[in-house]
C-alpha cells in the first residue's frame, strides 16, 4: 500500500509537470490552431538556461528560473513572429506544422552545438529534502511537493488571468473567432504574442521542475514530454485550462503506476492507449466542447 | 399515381427552438416548385431534412411511393434526390470535368482493383463517363472550361457546375438552394432559362429556395411560404403571392 | 492509344525514376560511387515509397497521419519474422523475399484497416495525435515483446525467458530480430518503388481516387452526390498503410538487425516522411519522390560541415516553408512571376487558370 502511495504521489508530481506544459500547449493551440511541435524544445532550452546560470555562473536557483522564464518568453515571441506569423492564413495548416518541426530541429541542433549530446545534470532547484510519513516508510521528496504546489499556483494564476483581466478575455475572444475579435478592437497579433509568451514562460518553469526530478538534460529532453503534454491537453479537451490540468495529472499517474505495476517499456504504450480510448468515447476530450459543421 | 415528393408533418427542434414545425408539401412529377420565406424561416433546414443531413423529430418523407424518412444522405441521393448548396460546395481543387464525373460515381461503376490495374473495364467505363459528363457540361455551356479547376470558374458558372453535378447523379427530384444568390439580373435571366431547360430536357421535378422574386414568379408554378418554421401559405404562385398574409409577413 | 495529360504526367514520373536508376548504374560501373553513397540508395527508395504512401492520405484524402512509421514497423517486423523463421528451410531466396514482401504489405494493410475503423471518424489534429499514438504503441509493443520457440512450442512474453533445448529467439525484446537476410537490393527497391507509383497513381486517377479527392475537397458535397465517406477513407488509409508496410519490408531486409527503436520507427520518422510530402507538394506524387531524394541526400552532402549540417538543414526547411507558403511571399512571387521551390501545390488534372 505504501509502495502504491509512493508511486501515486510520484505520478501526481510527474503529472503536474505535464500539466504545466499542457497548459501552455492548450493555450497556444487554442489561439494559433497549430500543433506546435517545438513547444517541447522550448522546455529543453529553458533547462539549459537554468543549467548555465546555476552551474556555469553559479547563480541562485530562483534567479536562474526567472532568467530562464524570461529567456523562453523571448524565444516564444521571436519564433512566433519569425516562423509562425508569416504563415497565418496559408492555404494549408500543414505549412505551419512543418515550420514548427523545423523550429524544433533548429532548437535541438543549436543545443547540440552549444552543449553537445553529453547529458548534463544540475542539482535540484529545490534544496528541501521533503517529508517522511508513516514512520519514515513513506518518503515524499521536496521536489515532488514543490512541483505539485507550483502547478496548482500556475493553474490558479492562469485561470484568474484569463477570467479577470482584459488581456485574458482578449485571448478567449481571439481563440473563439479571430475576425470578430479584431472587429471588436482587440489587437490580435499582440494577443497571440502574449499567448506564446505565457506558454513559453510556463515551459521554462516546467523545464526547471523536470530536470530537478529527472536530472538528465540532453538536446532531446523536451521532445517526449512535449508530445505527452499535447496528449494530456487533447485528453482533457484542447482549449480547456482545467482540462489540461486533469489530462496532465491523469497521464502522470497512469504512467507512474504502469511503470511500477505493468512494464517500464510498455508504459508509454499504455498512456497512448488511454488517449485513444478517451477520444473514441469523447472525440473532443474529457472537457472539450462539441462543434458541428454547418451545412 | 402518387406525387413525386410528399412530406407529412415534418418537424425538428434544435435546443428548444422549433426550426421546422409541421411542414407539409406535395410536389407532382415535372413541377417547378418554389420554397420562399424570410431569412431564418427554416428553408435550408427543410432541404437538410429532405436530404438526410438532419433526422426529423417527427413526420415522414415519401419519394414517389418510397418512404425515405431517416435514410442517410448517401442513400437518399441514391434514392433519387440531388441538391445544390446555398454557399457553393464544389470540389474546388478538381477539374470541372472531374466534378461532374464524381456526380456520376454511382451511375457508372467498376471495381477499384480494375482502376488500379487498368483492366479493360476501367477504360471502357471511364470513356462512357467522359462522354456523359461532357454532354452535361454542354447543356450548361461549360465544355470549354472542362479542364479548369472548379475554383477558378466565375461565380455564375460555379452555380451552373453545381447543378450539372447534381444532375449527374441521375435524380428524380432536384433541390436548388438559392441558385440565383449573388447573380446579376443578366445572369439570373440566363439561369431561369437553364432551370426551365433542365425541367423540360431531363423531365425533372425541381424544388427551389429563392429570394429573387423575379425568378420565383417567373418560373415557379407553385409556391410554399415558410415563416418561423411553419407553412404560411401554399398553392399556385399567383394565388400565394396575392395572399394578404404572405404579403404582410414576407413581402411586407 | 491516346494518353491523357494525366497519364503522361504519371509516365514521366516513372521515367524519372528509371532514369535515376540508369544513371546510378552507370556511375557505379564507372566506379564513381563511394561505399557510403551506395549505402544510401536502398533507404532512399524505401523513404520515397513511404512518402508516396503518406501522400495518399495527406494529399489525396486530406487527412493528417503521423503514424506511418508504425505501419513501416509492422511491415518490417512481420516480414523479418517470416524471413528469419524460414531462413534455414531451403526456400529459394527470391521466393522467400517475395513472400516476405507480400506478408509485410498485407500485415500493414490489416493494421491500417483495423486502426482506420475507429480513428477515421476523427478530424484534423485529433486524427494526427491518435495516429501518432498508434504508431508509438506499435513501436513500444514490438520493443517490449519476446517471442521464441523451443521443443515445447511457441513462447510469447513481455520479459526475457530461457528456451529449453533446441530453440530459437525470434524477437528478443529491445534487441529485436537478429539475422534477417539482407535481400533488399537497389534494383528490387526501384522495382517496388515503380510498382507503388503504378498502384497509387492509377488509384488516384480512377473512380475511387476521384471519390477520395471529393471527400478531401468537400465532405458534405461528396456525401450529397452519394459517395460513401467511410468506405473511401478506409480504402485510402488501408492502401497507404499497406504500401508503407512494403517500405518497411525493404527497410528490415536492408540490414540484418532490426530493432523497434525510436530512431527507426518513432514518431520522428513519421514526421520526417511528412516533411518530404509537404515539401514535395501536398498531393503531388512526383514531388514526394523528388523531395525525398533531395532532403535525404542533403544532410549527407553537408556531412563535411559536421555538426552544423543539421542546423543548416533545419534553417533551410523553415526558409523553404516560409517562401513557399507564406501568403505575403506568394503575393510577392506572383507579382514578379517567380516559381516556387520544388512543387508547392498538387498538380492534378487541371490547368491553372489564375
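Think of it as A, B and C in the order they're written, each chain with its own count starting at 1.
As a convention for this text, a contact is a pair of C-beta atoms (placed from the backbone, for glycine too) under 8 Å apart; a residue touches a chain by one contact, two chains touch by 3 or more.
Because the structure is a prediction, the values reported are computed rather than measured.
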Query raised in the report: What chain sits nearest the middle when you go by CA atom centres?
Result: C
Requested in this report: If we define chain centres by averaging CA atoms, which chain lands farthest from subunit C? Would you check?
Outcome: B
Query raised in the report: Cα centroid separation between subunit B and subunit C, in whole Å?
Result: 42
Query - Distance between the centres, which are taken as Cα means, of subunit B and subunit A, whole angstrom - result: 49
Query - Separation of mean Cα positions, subunit C and subunit A [Å, integer] - result: 31
Requested in this report: Provide the list of subunit B residues touching at least two other chains, using ranges where the numbers run on.
Outcome: 53, 85
Report summary line: So subunit C residues touching two or more other chains come to 220
Query raised in the report: Listing for subunit A: what residues touch at least two other chains?
Result: 295
Requested in this report: Using the touch rule from the top, collect the residues of subunit C that touch subunit B in their complex.
Outcome: 5, 199, 202-203, 205-211, 213-214, 216-218, 220-229, 235, 283, 346, 348-354
Report task. Would you mind writing out the residues of subunit C in touch with subunit A in their complex? Result -> 58, 64, 118-119, 121-122, 124-126, 128-130, 132-134, 136-137, 140-141, 143-144, 158-159, 173-174, 220, 267-268, 271, 274-275, 278-279, 282, 307-308, 310-311, 313-315, 317-318, 321-322, 324-329, 345
Query raised in the report: Any idea which subunit B residues touch subunit C in the complex?
Result: 51, 53, 72-74, 77-78, 82-83, 85, 89-95, 97-98, 101-103, 105-106, 108-110, 112, 115-118, 122, 125-126, 129, 147-149, 152, 165-166, 168-169
Query raised in the report: Where on subunit A is subunit C touching in the complex?
Result: 29, 35, 37, 83, 86-95, 97-99, 101-103, 105-106, 108-110, 112-113, 223, 227, 230-231, 234, 238, 263, 265-266, 268-269, 272-273, 275-276, 279-280, 283-284, 293, 295
